[in-house]
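Worksheet for the structure shown next.
So that you can tell them apart, the chains are marked A, B, C and D in the order they are listed, and the count of residues begins at 1 in each.
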């Protein structure tokens, strides 16, 4: 049984130019999303190393989401295109290892899409809450 | 009618129609478009506004809801996706349900059929007069 | 171990109302390395900054964490303040507890907890921060303006006025844009050509300005201060240097049936043409789609009549490479073609026209020489119906229209109505409106004049359908105030269609790596404080490409963009972003994985000598990054399998420290 | 075959085409061969071996040899030539310093399979047509090749050399329907729970000996991030299931688009973990999502993670794996 006090831990990697700005817009528009989502600012989605994602799971994250500029809108022209390939392969591999595919997600959120940011984070948090604790990629040493 | 009951009635109409009346910007294109304008007491834009103000009773009592042709021109042309015809449909249904009977028996319809009547109108008639 | 100071901003009540700032300050004060932790009402204020500077000095701080609003707002402010106190600015990190905490959470306990965690993540990062020093790059002292409408013209003139070179790239054969097609301008009713064409001549005569007409931007490389742009000069089959603009060819050309785009297709022009009399440059262009010579190889009339031998049927597109320090997007707009609204009859009735078509029908240089005649039978219309908001102000889900207000339609419709009533008092004019929006200097007065002095019938309501019946336009509309449905027999219906960004804007934005909103308008760096800059450094916005606006607004924004460009070009050197990639040569394999993903070509390789085991020397191929060219995206850092490539300011270990801190709860 | 190779190597040493030869020699056991460097005719005569146990992919050893200078002769089996090309593409070896003799190969024997057939005490192996004649201390035994082929050879993708200066033996072809993704597909068809159990079952055997990494021709980092204390992710023996997963996922990701599927990782794994199934998953995904790509086929080709298409599949849409 799931602990009634269970709160998922969610790490969101947001690119500085679009999605982090989208999160700012969600904030200034007062569009709430669960406090379980914590944002890490990266210059571009292509800065997100699969190592960081595994690291988050190791340290106890239950879900990891990466948000970047829409394809074609990357501040650095092509960063999100590379990120998209990397994450496609990584997620497919995690799935292949039997690790719940729903724990990882990529979303393209522009600086103008505060509403989409909030909606995405609400959805993702609900998905993770339904999945419950991450067991398959946990490192017990990192848990209390 | 008590305030709560009124609210429940309004909520039912909004839920049944799926219409967000607050989207209306009061442009009146629905009414400009309505082919049944002359017959109606309340016109499509007024329907929307009356629902917004919670005047469901007034609407339900008006013959206008039966004069609507369900041609859906108002829905098609509304720039704000308000869909007044769906509201009218919902009010109509609530009236029919309250009566507990069809306004018209299905078997009576063939006798009333006019050969010149477009197919759409027949379908609309079923929609309007049966549960 | 760093000596870290933590500052929690109340942001008035913006943060303090939802976050227990004292509790955050206390909790973060217990974090390892934190030697000072406090909260303050407004950290960004003068006294807030002084508080931070005093603490840096008194507590010998080596790192600072400010828990406040988004770093996109005040990171630079706090970094500058730290620098004044001798602390490297890159030792300051921001925890965003306003946009990401207080503004979106209601529960104080929850918000406070999250604020503490975000603070911890920032502290964890600062522990690994290293002082960074920015490099410098030179500035090419020339600007590029994309688009030669009134926005581009004004921007170019202002930049040239300050003594800098400017190039204008215009895809049409002449500059002038939409304003050249307009008859009169509101609210003063000056003739548009009379105020625009002198500016066009100024551009042509300014030796600092070079016009690339009938040209398009092909590619953009580089970065602020150092753009390299390829411009495609489309073949116009006329030698621009030889052509005198005498116009004989355009009179003699036998192909007369080409729709005249300048007159909105309401009349025809020749296959070789000059768009209008005051075109700049006044040079003929052959429209290869219609030219008989180009299509069949037989004709050559224009070549025969040209006295200076300017015609060249074999002319090819030419790519010109130019360097710029700044680029201004002034790509403008087009009025939407309302073909999707069957009920309004634009596709089926010739006498249903758009407002820009009406401008041509009323213009002295237009197809009717300024007499208002309707297109179908060239008769004078006696009843004219205007429909406002066609395709504007639609629901976001509505596929037919745009969600925004096009802003200029209310005023130009009032202008049209007034001009018609003034010239033809026997004409009845109806305007169907949803709201009349006239916020501008002398705007409402202008609209009231249309109603009160000129007797234009303003009807609150919309037109539901327009059907043609024997040359009469049967208009069915609602009058919401009287509760009537109106049936008007009109001779002419004019649709005020939505303003749409020019189709070319999207591809240009991609080339410039400038962001756009969902409607394809360019986004500003800040909606209020940096309205003429794109978030991409060195890219500026002028005119309607940023959002609907009228001529006075366009001109002010164009001058504002020019001021920003001048500010940039006036600098000899630009300070680079120090958060760039760096290769650890001891770890680098030289495998070129990083080079393949670098969008800027910032990575180069060289064979270098290294010490091998037993005093031997090894020669290895290793990568190095040009910090002036690198923009700090970090694509290379992930492509590198050995972890040799890392990003300063966002290093692998810094990001992992943040991950660790966030996950440790 | 072995004698032809030896003869040619001696000739090329003598005429100065190369100054050393990279080949195979017997290790502690006849079936346990090891890559070896031969500098003289005598060394070659005494030590050079090429037979059904000469399995090692020699291309990776060229990284070190290229740094030492001179000119190296190397013998490469078809699958090794893919690795060779990949190393050239990544500037890890210098083509002009190496003389490549391609040697035909129709599979190598798996000693475990021989043992299953009751063959022990092996002293030598010889190929005779479709059979191996295995000399043992108990006398000679003959087995069908197909019964004892190493797993990677059963699904051999190509008998064609991608690169060579000269060829010994017959030229072969690429084998299009080699069935090398069959097992990947089988795993994909399982439920996530089954897949998880499968991978936990095999990966939990990992003892982090690093043999897979050390033998892998794509793993030629100066220092592996897992060995670098400054990387923040260094680990020695995997402490728990997470670290086992982490090491193998990241290793597979680092070689994604670069792995030529030579199968050395699984061959050398002392715990018989089917590591090649991780790499093949990436190869299969790349083929499905971005078009067929074989690392090492064309040294000038852009690797799949170093290029992109504007309409690439979205991570959320990447199907092909049944939930």
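The rule is simple: a contact is a pair of C-beta atoms (placed from the backbone, for glycine too) under 8 Å apart; a residue touches a chain by one contact, two chains touch by 3 or more.
Treat the numbers as computed from the prediction; the structure is a model and nothing was measured.
> Ranking chain pairs by contacts, what comes out on top?
A-C
> Measuring centre to centre with CA averages, how many angstrom lie between chain B and chain C?
45
> In whole angstrom, how far does the Cα centroid of chain C sit from the Cα centroid of chain D?
That gives a centre separation of 53 Å.
> Taking the mean of the CA coordinates per chain, how far is chain A from chain C in Å?
Taking the mean C-alpha position of each chain, the two centres sit 30 Å apart.
> Averaging over Cα atoms per chain, report the distance between chain B and chain D in Å.
Their C-alpha centroids are separated by 74 Å.
> By residue number and range, which residues of chain A touch two or more other chains?
Counting only residues that touch two or more other chains, chain A contributes 50-51, 55, 72, 78, 82, 86.
> In chain D, which residues are in touch with two or more of the other chains?
225, 233, 305
> Residues of chain B touching 2+ other chains?
Residues of chain B touching two or more partner chains: there are none.
> Touching pairs of chains, all of them, please.
Every pair of chains meeting the touch criterion: A-C, A-D, B-C, C-D.
> In the complex formed with chain A, which residues of chain C make contact?
70-72, 96, 98-101, 103-107, 110-111, 113-114, 117-118, 121, 509-510, 513, 515-518, 523, 535-536, 579, 597, 599-600, 631-635, 637-639, 647, 650, 652, 655-656, 658-660, 662-665
> Quick one: in the complex, what on chain D touches chain A?
Against chain A, the touching part of chain D is residues 184, 187-188, 192-200, 225, 233, 239-240, 242-243, 245-246, 249-250, 252-253, 256, 278, 281-282, 285-286, 289-290, 304-305, 308-310, 312-316, 318, 320-321, 323.
> Can you list the chain A residues touching chain D in their complex?
Per the touch definition, chain A meets chain D at residues 50-51, 54-55, 57-58, 71-72, 78, 81-82, 84-101, 104-106, 136-141.
> Looking at the complex, which residues from chain B come into contact with chain C?
Residues 23, 25-34, 37-38, 43, 45-46, 73, 77, 79-82.
> Across the complex, what residues on chain C touch chain D?
586-593, 596-597, 605, 612, 618-621, 639, 641-644, 652-653, 656
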